[in-house]
Each structure stands twice: as structure tokens, then as C-alpha cells.
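What follows is chain A paired twice: with chain B in the first complex and chain C in the second.
This part shows the complex of A and B:
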């Protein structure tokens, strides 16, 4: 129980205060990973109303692709090509799963059900595809950057620093895309009113493919960035998907900003709870924190209607 | 500009609503489309704009046959449609809304369009970066019309512009429509429940009933029909 945890108790506190900072840094790392992956989930839900149950597997595909490419070629090439793999997967998913369902002449609610079931199928398919290609034995890529870095008195591994920097940079690019380009404007409009957006002359097919491509390339990039830190295994995506849903709900379904804030909060909560109560309590605290916020704000941090 | 819709039969899947209606619109003319609920007014607008494909009939716009073309083709040919529901993008800025209106324009085309629209509706100028939901109901309606103006249309189809608006706002919107027709020489087809207002600004009036044109004529002709006066104006 948590009161018997070696981390708990005032007399050890001072000793381990410096260690605490390490957990905060680890929380930032988790938050960055959650941010990169959950933003894609929000884009998919916000624009196409698809709840993607295979998001964790897309993250894994990115991680495994990075593992293979970095061991054969070069780790930086892996960082470039993994998102590309994710992007292509996203395009294929839209063309093969989304568009055929969208064209059916059935009620919207039935379509949503079909989307959910088909992404669940995709999740099982990808898990088995991974099993087939990479086997069931857990894998971890070699570090892109070994060595440590000293930032304002905190020592952190360069690899972890790389994750945080890449996450911030990528999300900044995503905001530039959403706010400064025509396609970004059309996506923000689509998330509010599909019919009117179409009436403005916006062609939706390509935008849906682009949106899904971006969403999945972000998840794949997340997987590639942490492939030297967390173990890859065919079923590792499931837990991530669950956490991402908690994050997206906490942020307010369909809000990019909300997901970013929620990612950071829950990343820190998860990591610090390991420090305070031990590893076995981290998921409990994670979901308790989500429930606590939802008790106060049932629509999530940022409410539901705006994409960004 | 001239629009001719001839003998239109149209509706939804198995449900035929229009059974052969014909209307025509001249340049700079405001045409009112009146009639009871279910008489096919909105269906006629949607068919003209291409949301619905007519099962029979012909639509000619500027001497070209446009029957059954898609809505985005109508936009680039100079026709715009403002639906009955509120359709401003609430969580986008005024400027973003206008940008979407000019989505099909290139950069120069957009720059001239936005200048023109802001000179027609000066209130938009200072509020470009404001979020659209912060505008009043009437202003949102004007923004919808402004957004439609971005493509420089020669004909605007307005479906119940007065719906859900305060009376004073209705007056303001109709005044703008009248001004656009005379100053910018834009034609309008207006579907309205607010018959008094509609007949007031319209030059020509069609009354639909059961999917057919039951009555048509200039404002004066229509007002002289005792049945109309009795039904709609209560005199």
C-alpha cells in the first residue's frame, strides 16, 4: 500500500527532493508524448467524428518503423520516415475505411458505430501485423543521443530532451498549419459545420485524407521519438489508447488546446505519483485525476465545440 | 443577369414536392417567393442552386443551361445561396468567415473581394478579428450575406432571411438587401414567411401552392388580389 512505499514519509522527503525533479522531468516527457499522440485523436474526432481505437497501434507502427530504420540506416532518418509511414497509413485508412462508410446512405449515428467498429478491427489487424513482422519479444531502439544535458541545474538524458523539443516544435508547426493555411482554415470550418463548409466550395475528400494523415503521422512521430525509451510490444498500444481517451475527454472532446493542457497535467500526475506512491499506483492516480477534474467540469477543460 | 427556371419537378428521393414550377428573375430585381409551409419554396431554391437535382425541367442562368450542376459550380458562375439556418462559423473570426466565402478565389481576387465587401458592410471592418458568435443575430445574418458576396455573385438566393431575428434587425437586413439590389445591381430570390416585408421590397412576387405557381405578378398586381389580401395581410 502507498503508506508502506519507500518514497512516502517526511524523513525521506529532503533526501529525495532532488530525485523529485527527475520525476517532474519524466512527467514532461510523458506529457510531450501524450500531447503528440492525443492531438491526432482530437483532429480525427473534431473533423471526421471518428473515434480512432487504433491510435495506440499507429504509435507502435511508428515506433517499430523507427526501430528497424535506425538499426539498419540512421536514427535521424527514422525520425523523418516514421511520420511518413504514419501519414501514408492515415491516407490509406481514410480511403479504405472512412470514405466507403461515409458514402453509405444510412443515418449518421449508424455511421459512427461503423467507424468505431472498423477502427477496432484496424487495431486488431495492426497488432497482428506487428506480431507477424517484429514478433512478440519486446524491442527497444538504440538511443539516438546518448549522454546527458544540464538544464538549469537539472540533469536530463539528451534523448528525453529531444522528445520534449520535438513535441513542442511539431505542435507549433501544427498550429501554424491550422491558422495560417487555407487547408487549416477549411479543417477548422469542417469541425464546426460540414454542410456549410461544402457550400463554400471546399472539396472534403482530400482534406479528410490530409487530416487523417497528419493525425497519424503525429502518433507515429511520438512512437519514433520514444522508441529508445519505452519498450515496444504488439499490445503496448492498448494502454496508450486508453490513456489518450482519458486525456481527450479531460481536455473536452474535440479541443486541441484542451488535449495539450490535459496531456501535460496527466503526464506530470502520472510521473509524480510514481515518485510518491510507487509504480503500481500510477494508473490509479491517472484516472482518479481525470475523474476529479470531470466532476468539476463535466465538459472537460475547454468544452466541446471548438477544434482549437 | 437573367435566370429562368422552367417547369421544375423536384423533391427528396421518393417525395415529389415541386410539380412543375416556373419562375424568372431579371438583373437587379428582387423576387419574393411566398406560399404556405410545404408549398415548395425552399425546395425550389435548393434545386436552382444544385443541392437537389430536378427530375424534369430546365434552369438557364445567363443564357447557359445549368440544370443539375453541383453547388460549387454555381458559386463560380455567380450565384450564391444563404440558407435559412444560422450558418456563420461561430468559433471562427469574422475575417475567417469571409475567407471561407472566398475559398475558391485566388489571392488577388480575394484582396479585391474583401475590400469591396468591407466597403459595402463597413461594420465588418473594425470587427475582422472578432469571433463571429460575438456578433448580434442581425449582424450574423449580414455576415452571411457578406460571405456570399465574396464570390461576386449576380444572384443571391435568400432562404428566410428574417427567421429568428428581432423585428428591428429584420428591417435592417431588408434595407441592406434593397441597397445591394439598387447599388450593386445584384438580383435576389427571397423566400419569406414575413409576407408584408417581402412584398414591400420585392419587385415581382410568386406565390407557390402545392408545388405549383398559384399566382404571380408585380407588387401592385398581387396586392390587388383579394384572396392574398385576406390570407396574408388581413385586410
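This part shows the complex of A and C:
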């Protein structure tokens, strides 16, 4: 088979059923990480119509914060405090970058462009700040749970199981927030029509801050959850940002449901492609998937322009 | 304006007579010339069309690698491979345009170019048979007859002047440029005037990629060593964005000012501080300029000139 040759990857063995299942489980893990982080990106795009190029770096900050806190204090405390760090970062980003642009008297498209360019600056800034604080050597936090788990004949680490459980739980909480609270209602309204929402007496400034805080705390939580599993390095964020954009396009820009489904699909696809071709081609696979979506069905899976 | 430009350009022609032995300073100036064109090509997309290209390094790198590969493997003269490098980048700019500019939302282009640049970098790293991957590609010839640094200086200077002049005339005095600005100002109105917006957007992406690729080719034959990290990494894209945002968007000339500032500042920082601080400062400068000085240095110059003439300020 062509994929078993050395040219396409380091693997020379053939595909076996048990290994296949393990790759599927790993794909689920990746999918839940992508779901957790891409939902934040979708929230940002749905409400403010801008994209955040520093999303991967926020994920890294969450991961590094978890690494530091869990090595000094307690790993579970790290899981609590990392989202907090992300939340604060999100608030600061909106207050210092988004609001000043919002106040300028220039066309809407220009405002978006300026903000997106400034998030690009932010991503370079954060990357090198991380490099300065934690160094370039890849780091990995200690496992929270060291045991293993036997499900339908395959063995998986409890740590990985924890990621999936946490992701599902957090996204359920997010949906509760969006559908059962007044702030969630206001956010959904804001994603549909800014002017009308303002006319209803909603304080949009606070909502933008809250929205960005939630979005970035989700990314930071993702980083904290996988910090014992994946290696953290200052440049890992760029790669994640690009994968997340591919996911968001596959799911349809600004659709939370689409992003969830797309993360699972692309998580599985990545896991299988790593098996077939090797890790170094995974970004290429993501880009090809994105191009295919743009060529065949540019509106994404569900093909509607609504937040949820 | 014209007299000011001439007054600024003439010293650049005479300068090598005084610093002929200072190879390092000549090198910095050559880099500034090359990155002026590279920044101006980003400005064509970002400043005139309102399309943000987050993977401009891909076009720069494709131009550099194409020219180097062609001149080594096909044994063509670098004068021809230089054109082929530009044409190769243009082809990819065209393809990316077709892929992502058919939609009204402009974010697709930003995302697509971001993914494209990283993909090109990964392919370049992993296709070791062709590009030697991270080991670096070298051994290809420079422009024949331009082995001394001073002659290369004049080549880069001529390249910059011709490219900047072409781009400036293109956006300011031709029909195409007027259409570009019309689309940026109001896409819907432009479409109602009977302009095929998509075609012009794709054309703009292709022209921008062409100049980025030519700049990459001139860079390649000056440095004579290409690695994926040097010409294709996100840092190279950030260089283009930084040059334009600092120099001033929507003014082709602004990117020349931006390029000289950025190149010399990063050399000074390299000498007196670590590269990390260099990039931290660079990232913060992009943020600060984008948010608080949206016009860049050209905007500041215009504002100051208006104040001096006691006219009504811009804002």
C-alpha cells in the first residue's frame, strides 16, 4: 500500500483493527479539544463579526498557567484558575483593542480589519512573551489522573477520558447559559442585529467583554485540560489557530452547532491521517479539507447564518 | 510631492560612493529595498482592497524558492528565473483568490491565506528531495555580473523604484486602481455600477502575489540560502503587516518608510537586545499602530502638514 511506504510517513506496519480503534479514540480526544476551543472562536465571530488570530496563544497561556499552577499547587486548582486567566485576558483584549476601534469614525469593514490586524500583533506578542517566561523547551504538566480505563476492549488513560468529559460538560453549560439566561438571550440577539439590540436597552459594551471573556476562557480551559497530554511550546498556538479556522469554515462561519460537528469530524480525520501519513502532514490535510468545503459548500455543514 | 521623492531618492544613488566598504550597511539597505516592495504588495491588498492577507509569506517564499530551484535545476539564467518566481507566486495568488474571494465576507480570504502559508511551509519542510527541507536550499547562482555588493545594491534599488512606481501609478492613475478603491469604499455600490467585483478582487490578489514573489526572488539571489523558517514562517508575514501598519495603509509610499524603519530598528535591536525582545516590541507596535494610529506614519505626516498649513485637521 502506498501509505505504508517510508515516503509517506514513519509507519511501516499495516492498518490493524485494534490500532484503528485506538486512533478513533484519539480522534475523539482531539475532537473534544477542538470543540472546546473552536466554540469560543465561533462566539467571537458570531457576535462581533471579527476573527481572533491569537486564539491559539490564549490556549497556550491556559496550558502554561495550568502547568505552573499544577506543579506548584494542585492540578485541580489549575483547571479552575486557567479559565479565569483566559477570562481576564478576554476582557482586557476587548477593553484595550476592540472598544477603541469600535469608537473610531471609519467604515465598518475598516474597523474589522484594524481589529483583526491587531489580534495578529497580539499573537506575535503573546508567543514571544511565552518564550520569554517559560522558554522554548517543550513542557508537559504532570498527569492529574494516572490510571487507565477499559472501555469495549480498548485501554485509554483516565486523563484523556477526563478531557472528553470536561468538554461535554462545559459545552452543555455553555448551551444552558445561551438559552436559559438573560445574558445568553442578549448575546444571541446581538449576533443577529446590533442596532435593534442596542435599541432594546442592552449595554453592548459589557456584552462584548463577557462574550470575549467566555470565548477565551474556553480556549484556556482546553489548554489546561490537555496540558498533561500534548507538549506545550510557544509555536504550538499558530498551528491550533489554523486548524480551528478550518473547523469553523467546515461548520459554517458563526454556527456553534456546526463547529461542534466539524471538530469531531476533523478530529477523527486528523487522527486517521496521522496514522496514514504522519504528523507532519496534518496541517496540509486540514487545509485541503477547508479548500474542499470552500469549493463545494461554502456555507458549511448546516449552511445557515445563525449563532446556535 | 514629486520633488520630495526625488530629493529622497538621489541620496540613495550617491550613498554607495561613500560607504562602498561597509558591506553590512549595504546589506541592510538592500533588505530595506526588498521589503519595501514586499510591504507595498501587502498594502495593495490590505490598504486598497480591504482584504487582509495573513499568509503573504507564502507568496514571498514561493517566489524565492521557485527562482532558486529553477536557476539551479533547469540552469536558467537568474534573470529569467526571477520572472518565473514572480509568475509562480502570481499563479498561487490567483488560485487562492479563486478559492476564497467568491464570497461577500472578506474573512474567508484572511483565513484561507493563513492556512495556505502554513501548508506551503509544511510542504517545503517535508519535501526534502526537492527543497532539502530545514537544512536549507543553497548552491544556486546569483545574478550574473552582479557578484559585488554595490552592483546588487543598485539592482535592488532599481527593483524597488520600478516596482513602487508601477504600483503607485497602478492604484492612483489607472482605471483598475480606481475600481480597487471603489470596491474598498463600498462593494455594493461598485457592483451596482456594473463592476465584476470578484474578478477585480482576484486580479488584485494576483498582482499582489506577483510583486511579493518578485521581491522573494530578489531576496533569494541576494541571501543565497533559503530555509522554510526564513522565507515562509509567520514572522515573515508579520513583517509585511508591520511594515504597512507602521508606514501607513493605503499609501504605497508608506510601506517604503515602514520598511526602512522596521529593518533598521530590528537590526539595532538585534545588536543590543535579544531577538525575543525584538518580536515582542514588533507585536506590540503592530497592536498600538493598528488601534491608536490607524493612519500610520504617513497619516501622521499628512496630519502634521495640514496643521502647518493651518487647514482643517483630518479628524
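One rule holds in what follows: the second predicted complex is superposed on the first by the 284 of 308 C-alpha atoms of A that agree within 3 Å, B and C clash if a C-alpha of one lies under 4 Å from a C-alpha of the other, contacts with A are read in each partner's own complex, and residues count from 1 in each chain.
We adopt the following convention: a contact is a pair of C-beta atoms (placed from the backbone, for glycine too) under 8 Å apart; a residue touches a chain by one contact, two chains touch by 3 or more.
Worth saying up front: this structure is predicted, and the values here are computed from it rather than measured.
When the two complexes are overlaid on their common chain A, residue A:129 makes contact with chain C while staying clear of chain B.
Of the two partner chains placed by superposition, A:24 touches none, neither chain B nor chain C. Using the contact criterion defined above for the overlaid structures, shared-chain residue A:84 touches neither chain B nor chain C, since it reaches no partner. Contacts of A:197 after superposition on the shared chain: chain B is touched, whereas chain C is not.
Annotation for chain A, partner touching more residues between chain B and chain C: C.
Contacts of A:97 after superposition: chain C is touched, whereas chain B is not reached. In the superposition on chain A, A:145 makes contact with neither chain B nor chain C. Once the two complexes are laid over each other on the shared chain, residue contacts for A:188 go to chain B alone; chain C is not touched. The part of chain A that touches chain C in the complex is made up of residues 45, 51, 53, 96-97, 100-101, 104-107, 109-110, 113-118, 120-129, 131-132, 238-239, 241-242, 245-246, 248-249, 253, 280-281, 283-284, 286-287, 290-291, 294-295, 298. Taken in their complex, chain A has these residues touching chain B: 182, 185-186, 188-189, 192-193, 195-203, 305-307. Remark: chain C residues 46, 50, 52, 54, 99-100, 102-103, 105-108, 110-112, 114-116, 118-119, 122-123, 125-126, 184-185, 234-235, 238, 241-242, 245, 276, 279-280, 282-287, 290-292, 294, 315 touch chain A in the complex. Those residues of chain B that touch chain A in the shared complex are 71-72, 75-76, 81, 83, 87, 89-92, 96, 99-101, 103-104, 147.
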